[in-house]
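Have a look at the structure below before the remarks.
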Amino acid sequence: MTGFYARWGMVGALGLLLVFLTYQDYQTRLSTIPLSGIMSGNTPKEPIRIQGMVKSGTLAGKVEQGEATFEFTEGTVTIPVEYHGPPPENLRELKVMVLKGRWDAEAYVFKAQDTALVNNYGYVAAAYGVSCLTIVLMLFAMSQRVMVLFKEIKESKLYEPEVDSLAKKQ
Amino acid sequence: MIAIQATNLSKAYGFYRIFEDLSFDILAGECFALFGPNGAGKTTLLRILATLQQPSGGHFSIFGQNGVKEKELVRQSLMVIAHGSHLYEELTGFENLQFALALRGQTIDVKSLKHALDRVGIGAFADLKVRQYSAGMKKRLALAKVVIVKPKLLLLDEPYNALDEAGVTMTNLIIRQTLESEGAVLMTTHDHDKASQVATGGGILQSGKLQLITREQLT
Amino acid sequence: MPFLKTIQWVVWKDLVCELRSRETISSMLFFALIVILVFSFSFSMDQDAARQLIAGIIWVAFAFTGIIGLGKSFSSELQNDCLEALQVSPIPKGAVYLGKVLANFLFILSVEILLFPLFILFFNLDVVAELGLLLLVFFLATLGLSSVGTLFSALTVQIRAREVMLPVLLLPLAVPVMIAAVEATRGILNGDPYSFYSQWIQLLVVFDIIFTVVSFWLFELILDS
Amino acid sequence: MNRFIRYIQRYKGWFGGAAAICLLVGLYTGLLVSPPDYYQGEVVRIMYVHVPLAHTSLLAYSILFGGSIWFLWKRDPLVDNMCQAASSITALFTGLALVTGSIWAKPTWNTWWTWDPRLVSFAVLLLILAGYMMLRRLVDDPDKQGIYAAVLAIVGGVDLPIIKFSVEWWRTLHQPMSISTRGISISDDLLLPLTFMSLGCWLLFAYMLMVRTQMLYLIELLQAKKGRLLSQTHFSQSAQ
């Protein structure tokens, strides 16, 4: 009985740990900072990720060779960007995308090194979360029921005799 | 010849057991009256023997044929008159009789059908819709089926309900005729007096057990 | 041949009962009329829109009236325990099934044929040239509906909440019939060439064959278990 | 105790453990190792849970179908328990396949629901299963419950391929190719997590089926035992 709950407690704890680790990983690797946030001055030194749209009519430079300048906008905020990195696959005007790079506050320009697709991990998390949670809940309910039933049958001392009465029903 | 041979019959509705391990024999030419308090399982036992329900355990045979595995054969030799009259309200008495016989694979000429209806005393109402029949007339119509089919085994569930004096006499007459032609009858009833006129033996179903009683104890 | 005789008797019994009481067909007709009225209120249609929607409306009305008829088919057997009589008689249960399918088929088809002129009238449709093909679609779809429907009518009549359970069980299984019937009817009413909707007619034929056979074998378990 | 129930009690842990390992490996490779898709980005990872769930629910229904035929043939009450267990689990997997499919559809097709043939077929399957579970509750006679349910499962199983074909024809007629699964070429990167997740889902289904069969059997056993006591008191009361 206690063993059962201990086992499921461990499963739960493990699940929570995994969720926590995934969230940490997401925060450091994948989450984006709002454009208005990076202007406030206290931006971190390491590369950050920003999301926005390439403003129409501003894209210039040799995009195929990985050199480009353009303006990047999100809501009311617009910042200039210098791109210098591997040839981007989907850098186009009016494209909503994610840039990786550093904010150079003195030059008032965002030095981008890489591009990425807009991450929509919300959907992924929802899909996995719904599936895992429902399955685990159902499994827990069933297993607990089985355990309680075994216990009840044993305790009612009806365990041994006429055990095959159901099997021989036909 | 053994008409009904039941071995260790038991019936349970889910976890509720009605009766267990009933074993009895009924010979051809015997009329077995089944008594017992309400809810003891008389009707259930009758319905099992009529192949209307499956027993939960045990087996039975009717004239040597297995009642669980050879249902179709068993059904040819038995006839059941249960609580429901098995009649269609929109058909006339005559048409009901025709249809019931057709379901047994028999087609009988009009004359003998009319004759059977006359015998049970409803010949005058043959062309009336059953909707207009009284409860007693419906019972009589059911008896008319017995008159024509002449089943080897007759199963009657409360045959005396809703019958007048003449109807009871007629029922008993038909039971006797079945017995004379080497058939067997099993009936459930509360009416000790009426049943004892024809019954050759009987039993009391109580507490899930069957206690047999002889002809002498009946009267 | 006793098998055919039994079928004949079951059909005869259902038809005679129905002709005398007129319960099933009249309730089906009135229900369908109300459905037509409700639909014509809910969509204000010109002739083009009507031609697009009419096939769907027709088959919604037919499916629900069909379910009323199918439900009545076995609930009428409950009076005086007639279902028990069918069960205990020494005849093959498949014959009872086929008889019931035939009776239901005749009821539903006759209601459909009575209603169709009203649809044409109310929704201002052109009278179609290919009436024969349309009748064939009605015939096949009704047969499919009644072959599965009769099985489930016999099943639901022996359980609780039977009026609800018949459509709940039957309609998901009848999805292919509904789709095929609607598409074929639309094609015919649009005056499309036969090759546009021939696949639906084939689908109906396949469905009818498969489900008449499957239900035929399963019916005994429903009526007699 | 029934022999099979004892076997299940003894061996089910292996299935559970194997399922857990496969699913963990699948989740790891699917969420972290495999690259995002060129068109769909990260959302493609929903595939690793959606596709195995969909496969497993079809497998589960075929087990329900086979089990129903077996039950009608042998009338073994344990098989009936298994069918009942399979129906609930199939419903769960089908429902989850629909939900994840819907979540996947939102970012890729910008709609929660499209009349995609597969989605429609799964919705119909879910309706059939809902009817199955309702039917089980509504039959009073416990002898008939299993038989009626088996009949429904068999008719549904025969119907499913026909439903799928008819819905597919119907869609191609009305919306030729405007909405279809954007060509995800199954490369090795995708294949690895997909294989592990599928295997894990099958094993998980087997494990859940065992546990639930056990549960239903034990409920019936306990009721039978209690019923014996109950009818004994009933018998002694009416004897007085």
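Each chain carries a letter (A, B, C and D) given by its place in the written order, and its residues are counted from 1.
To be clear about the criterion, contacts are C-beta pairs under 8 Å (C-beta built on N, C-alpha and C of every residue); 3 or more make two chains touch, one makes a residue touch a chain.
Remember, it's a predicted structure, so these values are computed and weren't measured experimentally.
Within the contact network of the assembly, the step distance from chain A to chain C comes to 2.
With centres taken as mean C-alpha coordinates, the chain found closest to the middle of all protein C-alpha atoms is D.
Most remote from chain B, judged by the distance between CA-atom centroids, is A.
Should one ask which of B-D and B-C has more C-beta pairs in contact, the pair is B-C. Measuring from the averaged C-alpha position of chain A to that of chain B gives a distance of 73 Å. Centroids of chain B and chain D (each the mean of its C-alpha atoms) stand 48 Å apart. The centroid of the Cα atoms in chain B and the matching centroid in chain C are 38 Å apart. Chain C and chain D have centres, each the mean of its CA atoms, that are 31 Å apart. Within chain D, the positions touching two or more other chains are listed as 141, 143, 224, 226, 228.
Touching two or more other chains at once are residues 169 of chain A. Among the residues of chain B, those in touch with two or more other chains are 54, 56. Those residues of chain B lying in contact with chain D across their complex are 12-18, 37, 39-40, 53-54, 56, 206-209.
Contact residues on chain A toward chain D in their complex (touch as defined above): 22, 89, 117-121, 123-124, 126-128, 130-131, 134-135, 138-139, 142-143, 145-146, 149-150, 152-153, 156, 158-159, 162-167, 169-170. Residues 141-143, 223-224, 226-228, 230-231, 235-236, 238-239 of chain D are the ones that touch chain B when the two sit in their complex. Chain contact summary for the complex, chain D toward chain C: residues 72, 124, 127-128, 130-131, 134-135, 138-141, 143-144, 147-148, 150-152, 154-156, 158-159, 162-163, 165-167, 169-170, 173.
Interface of chain B with chain C (complex): residues 50-52, 54, 71-73, 75-76, 80, 82-91, 95, 99-100, 102-105, 107, 129, 138.
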